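Below is one structure, written out as structure tokens, with a few remarks after it.
Chain naming follows the written order as A, B, C and D, and within any one chain the residues start at number 1.
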Amino acid sequence: MSFPLLTATAALPAVGAVATAAVPAAWRTAAKWLALLVSLATLALAVTVLVRFDPDGARYQLTESHAWIKDFGVRYELGVDGIAVALIALTALLIPFIVLAGWNDADPLETGSSRWRPTQGFFALILAVEAMVVISFEATDVFLFYIFFEAMLIPMYFLIGGFGDRAHAQGEEAASRQRSYAAVKFLLYNLVGGLIMLAAVIGLYVVAGNFSLQEIAQARASGSLHMATSTERWLFLGFFFAFAVKAPLWPLHTWLPNAMQESTAPVAVLITAVVDKVGTFAMLRFCLQLFPQASKWATPVILVLALISIVYGALLAVGQRDIKRLVAYASISHFGFIIMGIFAMTSQGQSGATLYMVNHGISTAALMLVAGFLISRRGSRLIADYGGVQKVAPVLAGTFLIGGLATLSLPGLAPFVSEFLVLVGTFTRHPVIGIIATFGIVLAALYTLVLYQRTMTGPVKPEVSAMPDLRARELVVVAPLIVLLIFLGVYPKPVTDIVNPAVKQTMSDVHKKDPKPEVEAAK
Amino acid sequence: MNPVNYLYLAALLFTIGATGVLIRRNAIVVFMCIELMLNACNLAFVAFSRMHGNLDGQIIAFFTMVVAAAEVVVGLAIIVSLFRTRHSASVDDASLMKL
Amino acid sequence: MENLIALLIAAPLLGAAVLLVGGRRLDAVGHWIGTLLSFVSFVIGVVLFADLLGKGAEHRTLTQHLFSWVPVAGFQADVTFRLDQLSMTFVLLITGVGSLIHLYSVGYMEHDERRRRFFGYLNLFLAAMLLLVLADNYLLLYVGWEGVGLASYLLIGFWQHKPSAATAAKKAFLVNRVGDMGLSIAIMLMFTTFGSFAFGPVLSHAGDASEGRLTAIGLMLLLATCGKSAQVPLQSWLGDAMEGPTPVSALIHAATMVTAGVYLIVRSGAVFNAAPDAQLAVTVVGAVTLLFGAIVGCAKDDIKKALAGSTMSQIGYMVLAAGLGPIGYVFAIMHLVTHGFFKAGLFLGAGSVMHGMNDEVDMRKYGGLRRYMPVTFVTFGLGYLAIIGFPGLSGFFSKDKIIEAAFAKGGTDGWILGGVALLGAAITAFYMTRVMLMTFFGEERWKNQPTRSPEAPSAEPAAEHQGEHAEPHPHESPKVMTIPMIVLAVGSVLGGGFFSIGDRFLHWLEPVTGYSEGHSPVGAWTVTGATMVCLIIGVGIAWAQYGRKPVPAVAPRGSLLTRAARRDLLQDDFNHVVLVRGGEHLTRSLVYVDHTLVDGVVNGTAAGFGGLSSRLRRVQNGFARSYAVSMFGGAALLVAATLLMRAV
Amino acid sequence: MSAAAVHSLWTTAADPISKIDAPKIEYGQLSPTLIVVGAALVGVLIEAFLPRKARYYAQVFVSVVALCAAFAAVVGLAADGYGTTKAHIAAMGAIAVDGPSLFLQGTILLAGLVGLFTFAERRLDPAAHGNRVDSFAAQAASVPGSDSEKAAVKAGFTTTEVFPLLLFAIAGMLVFPSANDLLTLFVALEVFSLPLYLLCALARRKRLMSQEAAVKYFLLGAFASAFTLFGIALLYGYAGSVSYARIAQVVDGTVTNVDPALANTMGNDALLLLGSALIVMGLLFKVGAVPFHMWTPDVYQGAPTPVTGFMAAATKVAAFGALLRLLYVVLPGMRWDWRPVMWAVAIITMLGGAIVAITQTDIKRLLAYSSIAHAGFILAGVIATSKDGVSSVLFYLAGYSFVTIGAFAVVTLVRDAGGEATHLSKWAGLGRRSPLVAAVFAVFLLAFAGIPLTSGFAGKFAVFKAAAAGGAAPLVVIGVISSAIAAFFYIRVIVLMFFSEPRPEGPTVAVPSPLTMVAIAAGVAVTLVLGVAPQYFLDLASQAGVFVR
């Protein structure tokens, strides 16, 4: 058989994680470089996947399939469709930047006990998360997916609780208390979601007898596997609940602000930009494919919830005093858009949603990382502690502004395309919801510009007067992201070309067709 | 005489023993109550054995006695050592571990 | 030839990129790079114009397809440019006026150490504005639409260290976003209606769609127009936008960007023609705004704000005209162009005055400046005559036509609109005369008193480098500033005549916008006469008030209307109370809800289990006998349950 | 030797001698048990005749050899197919040699072996007067704090009796799940209980608690077994026999040759229900199911930690084995009576254990409550009443026992002046001090919590899967919820170890001898192997999933 590319893509960071963790305490820098190299190598592999993937080819490509746990009907089945490829590429792309941005975040404060090796741990955990995220994008076996969907909580949990933000007003004691609160909240919240999903997974097995996504989907399509309506709905809810927690959907979102607020900026990016995407991705891949009828049944409620997330998240973002919390709530609003796009059940909506996942990853990374640089300079997360930064650190301010503009999805930057697609996609089926959602773009402008005005403009605050501008390492982190934002804003075709066929498939899974326009004017 | 009555007696004895376990403080007495319960069981076995007309029940009674004897050995050892440590054989005094 | 179109945009875009990414090493030459590239764009524009003139009227539409932008199933957005007479007109206006203002800014921003960035932003604006007028579909237009919004945001807030500037910039962007919402909804509606949002399909099939949808689309486009062109009710940002450097006010908030709304309506003419209700709404908005702006303009003592008010009302004229349909489109555009000339000229003049007056903006501290800055006086004067519609000057022709068209709409609407337009003309004459008199005539109120009175803070802290509190020494501005003013003055004198004699402009635009001769209840000359009368009345009153008596250096309390007008007719107060305060309360309460309710449920559950646990563990009281009890009870239950199971 | 056998002797006594035929005992198939018992007796002799110094090594040697041999025997039997094709009832109907019993015996023996290692550990406690000491009292008879105790410690006495006791207990446990008549069941129950009572009393440190634990365990245990015995009596009255097969027949009503004289008792359902309920209650007590669980926390806390570990693991295995056999072989006929009851028990056990554990402050008590919760999960599998149910329970038990022993072994490492530092507050920041130990313990906790890629998850999945397939979906949902609650306190410990600052006067982590290391390593290895690649063991379990009747 051919070289197991997908396995390699997931395994490389895993091995890297072990290796990094094994680096002796003294050689901290070595560990950092090792992690960076591994993440870059993974990126290379991901690019190979991207290249090898043929958008017009079979639905799942580069597939691998091995027997694993016969008794549970579980196989080690990997395969990627366009959506997965895009997200794997995103993950592999972001991790190097995250590593680079977190370069000094995990240096031990006191050079005390030699056996405690925070730095190695930090980067090892990041790589571990990458590995698990990647494989859960690749898994076409429900059980396999579930395992990593759950397992990735553990490294994330240690990242949040173990390596909190050093910028704390109330001192280290309070800091560590809030940190572990955030970490525990994150873990329990997602664990509960996951366990409820476990019940559904078991139920699925009882009904279907195996876990192979393709087999079940085909069986459903061909009618050979019949599910009672109520069963299908219960199972759908079980799955959806877990995904809704992971990709925070109102009202299951409250763990995200705490987690992002307490963790270091790179980890915060890891949460929203990478890990949470698994949730939305899973909705698209599992909910819609396995339970098409139930998905359609639940659509109205989910759309409303998504709508609430959009407006609610944005409004709360306006009300925040803490930069990171603000970004967190902004993300909640954006996830609302993504979920709305998925359940709009139109090509535009779902392509838009997928594109949105990618773009949101990049834009949040840009904004959050710059915010992290800012916070690390001043040692405070409170917006009120800043002012006039633009005068002392223009480049920092500029990049921050671009990140912000991306967040408010300014045309010409990547997020605009996806957001508009989602809106159009929703509007064609549910005009009212689409229109209300459009208010989100005004609110987005509000919170972004308020944030920028309060931190960057106005008279220079004495505390920030000595603030240095972005350093070389930081520029290396931000610049490529910004370039990417602009490029994908002007020319998103490469991504859409990969995504569209997969979306077409999904649309046919749920037996939906795009609504016809009133006047057939297009050529 | 109807052997069923023996069963009633056995049940009665068993209940008495159980009640004793619940209400008496002194470990020794509690233990004796347990022995009483075992004996009630024996009575039941023998009675049933008689009713069924096979001897299994009676034999089981012998086994029970042996087991009870062994239990006494172990039990007294433990209780005595407890008594020597605390100078009281009250079950309620031994309540360091709770909640 | 059409391949040049992209270059129109590319040149300033390149400039923006170079200047913004280039960094400090370009500080020395940055402004010249910017100016050069905008001139390059202008030259290209001229070349294309010549090319178009060479073609027959019906072949004057060039399109350039660059690449497919967002292809998703039925949703096909391409990056395609369309250059026809309408966009050509705008290209020339934008690049022409733009280049002049670049030139002007070289002098004006001389003392600002962030001049390079300023030019970067200006170039960015040019690029976005050109994209707006050259786009071949509404989505691409939307990109330019928000692009100019961004540029205006950056330029209004150019002096970011001033909270007022930063706030004004934010306000401008937000209000515009509300408008943009309209545009995006309009695009969605088009997509659901026509399955496309490219000009071609939409405009050619507009007739086939149901009127309801078309009306909806029209109203949404109108909303967009209100945002971008500062029409009531979304006009409030324009006044504050004067926080930006004066060249910005001239280019963006007078000549070009704010007129984008008019372009949008005229461009979507086909849609509006089929949706009379939407058209009526447009005319109403225009009429209201032209009065609103005029009234505000009368009350302002800040010269820029006064001009801003006038801009508002002039755009009101254009929107009104655009709302009239085919009989008005051409004149809307014509007025737009002439207005571009004279209003830009006026702003540049005002800038020149401030330049000479230590950036004082309060007209009550001016007076008698004509002796000190003659060039400015002359050019400003010509612009003034043009805007009030002095016979023969450009404003006269364009505005006159609009008023005619308004009457020509016929019916009561026609009378009302026409009357409003006439009234507007009178008020215009009044407030412009007021500005003229307060600035250039009367005694020199700036003598022996420092500028910068606290109650009228200056907009232009570029002056920080010069002595603020010294008594100003008015002086004429350098050549680099005066030349653009002169050019614009010439334009504002001759433009109108040139366009109107033989209806040149009409024939040029007609193929795109269409034209129908409205039959007005009153003859053309009657209208002209009426306009003249209004003109004289307005000027007369102004002369009576500000020419004959001396102007008090501190503004009198004034009538209720005056005071309201000073505060933009309380529009901001309304916004503040309803939107800002309300919004704050909403968000605050939501934050509370999120913390106590949504999150409370979560933490509550955890706490609940904790409490339950600590209650339950008390059962484990350490007494062997109670354990025995529980076992006994358990056994009893077990037995009972088993028996019960059999019983039922 | 079974009752039936004896019975035949009696009845034939009157007849001519020639007719006596010796009972037929398949020694080969009973070899595992016999080996262990023999070794235990040897251990007793060692205590009697060997000099003190030599005893420890002799005992450890003998025990290890015996357990390994016994395990080899089990494997041999399984290889011979006694687990599957040749499964049958040996020793005149007293012992069943079939898949479940062999699987469970194997598990018990391995658990016993690992437990033995922790028993034999002598490096953790600081050497007293130059001689190494293990975690058992120098001289159980001497009063705590008395001179005699000091003297004993000074003399370097050690209670090497623990090894024979352990072996006896193991022997009893080996018989328990394979007992095929009620008498054998009862005898085996006592045989493995009594040594455990004693072992509980033998802690070197905190002897008062240790003795208290012993007393509680003993009294309650005896109380419970009295109930069991009464239940046996009633079943005997019901069926006229104590052999599983016979009772099952009577329950199914497929019994032949009923003597009309006994019609009034024979087949009297009241007796059946009462009897079975009481027997089941006795087993639930051993399993530690609510409401018969209350001894668990106290005993787990008071007993010497190695004993706790062994007890927690092996007792559960044996008891669940017996419970399975009882419910699947004897009472399948009255499934519809006991299933709802077991439902209720399972539910309150899962929830009760999980909820009460939340607020525990002592690591050993915490693990005790977690073991209660796990008993609930296993019960869910028992209720499935299907072949899958059996094999899933077997698998779960195998995984669980190793995790438990490993976890308690880790507990023995964390010590301060007063011996083991079991109060949670002392564990704060352990992860900073000794990351490796903390990490290992974290692995065990995650396995308890049932995080994927650990044996805990595989087991839980298997059990829930079986339950759901058996039509107990609501049970699965409740199980899932209570695992969520349980996760909370496992995570609390992890937070404590890794995210909170270490105390200055915090405990130290003793460096153990290879013995404990092996125990812990085995725990980790099994946890991960069963988590990542469980297929082989699942196959094993599912082959062993059939009871012989």
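Annotations
In this section, contacts are C-beta pairs under 8 Å (C-beta built on N, C-alpha and C of every residue); 3 or more make two chains touch, one makes a residue touch a chain.
Since the structure is predicted, the reported quantities are computational estimates derived from the model, not experimental observations.
Chains that count as touching both chain A and chain B, per the definition above, are C, D.
Each chain gets a centre from the mean of its Cα atoms; the one farthest from the centre of chain D is C. If each chain is reduced to the centroid of its CA atoms, chain B and chain D end up 24 Å from each other. Once the centre of each chain is set as its mean CA position, chain A and chain C turn out to be 37 Å apart. Distance from the chain B centre to the chain C centre is 97 Å, each centre being the mean of its Cα atoms.
Note: centroid distance chain A to chain D, computed from Cα atoms, is 46 Å.
Within chain C, contacts with two or more other chains are made by residues 606, 617, 620, 622, 624, 628. Shared contact sites, meaning residues of chain A that touch two or more other chains, fall at 188. Across the assembly, chain D contributes 215-216, 219, 223, 227, 297-298, 488 as residues in contact with two or more other chains. Listed by chain label, the pairs that touch are A-C, A-D, B-C, B-D, C-D.
The touching residues of chain D, counted against chain A in their complex, run 431-436, 446, 451-453, 457-458, 461-462, 464-465, 468-469, 473, 476-477, 480-481, 483-484, 487-488, 491-492, 495, 498-501, 533-535, 538-539, 542. Residues of chain B that touch chain D in their complex: 7, 10, 14, 17-18, 21, 27, 30-31, 34, 37-38, 40-41, 44-45, 47-48, 51-57, 59-60, 63-64, 67, 70-71, 74-75, 77-79, 81-82, 84-86, 91, 94-98. Remark: chain C residues 617-618, 620-625, 628-629, 632 touch chain B in the complex.
By the touch criterion given at the top, residues 3-4, 6-7, 10-11, 140-141, 143-144, 183, 186-187, 190, 194, 197-198, 201, 207-209, 211-216, 218-219, 222-223, 226-227, 229-230, 232-234, 236-237, 240-242, 259, 261-262, 265-266, 297-298, 301-302, 365 of chain D touch chain B in their complex. Across the complex, chain A is touched by residues 20, 67-76, 139, 142-143, 145-147, 150, 153, 157, 160-163, 165-167, 170, 173-174, 177-178, 180-181, 184-185, 187-189, 191-196, 201-202, 204-205, 208-210, 213, 583, 586-588, 590-591, 594, 598-599, 601-602, 606 of chain C.
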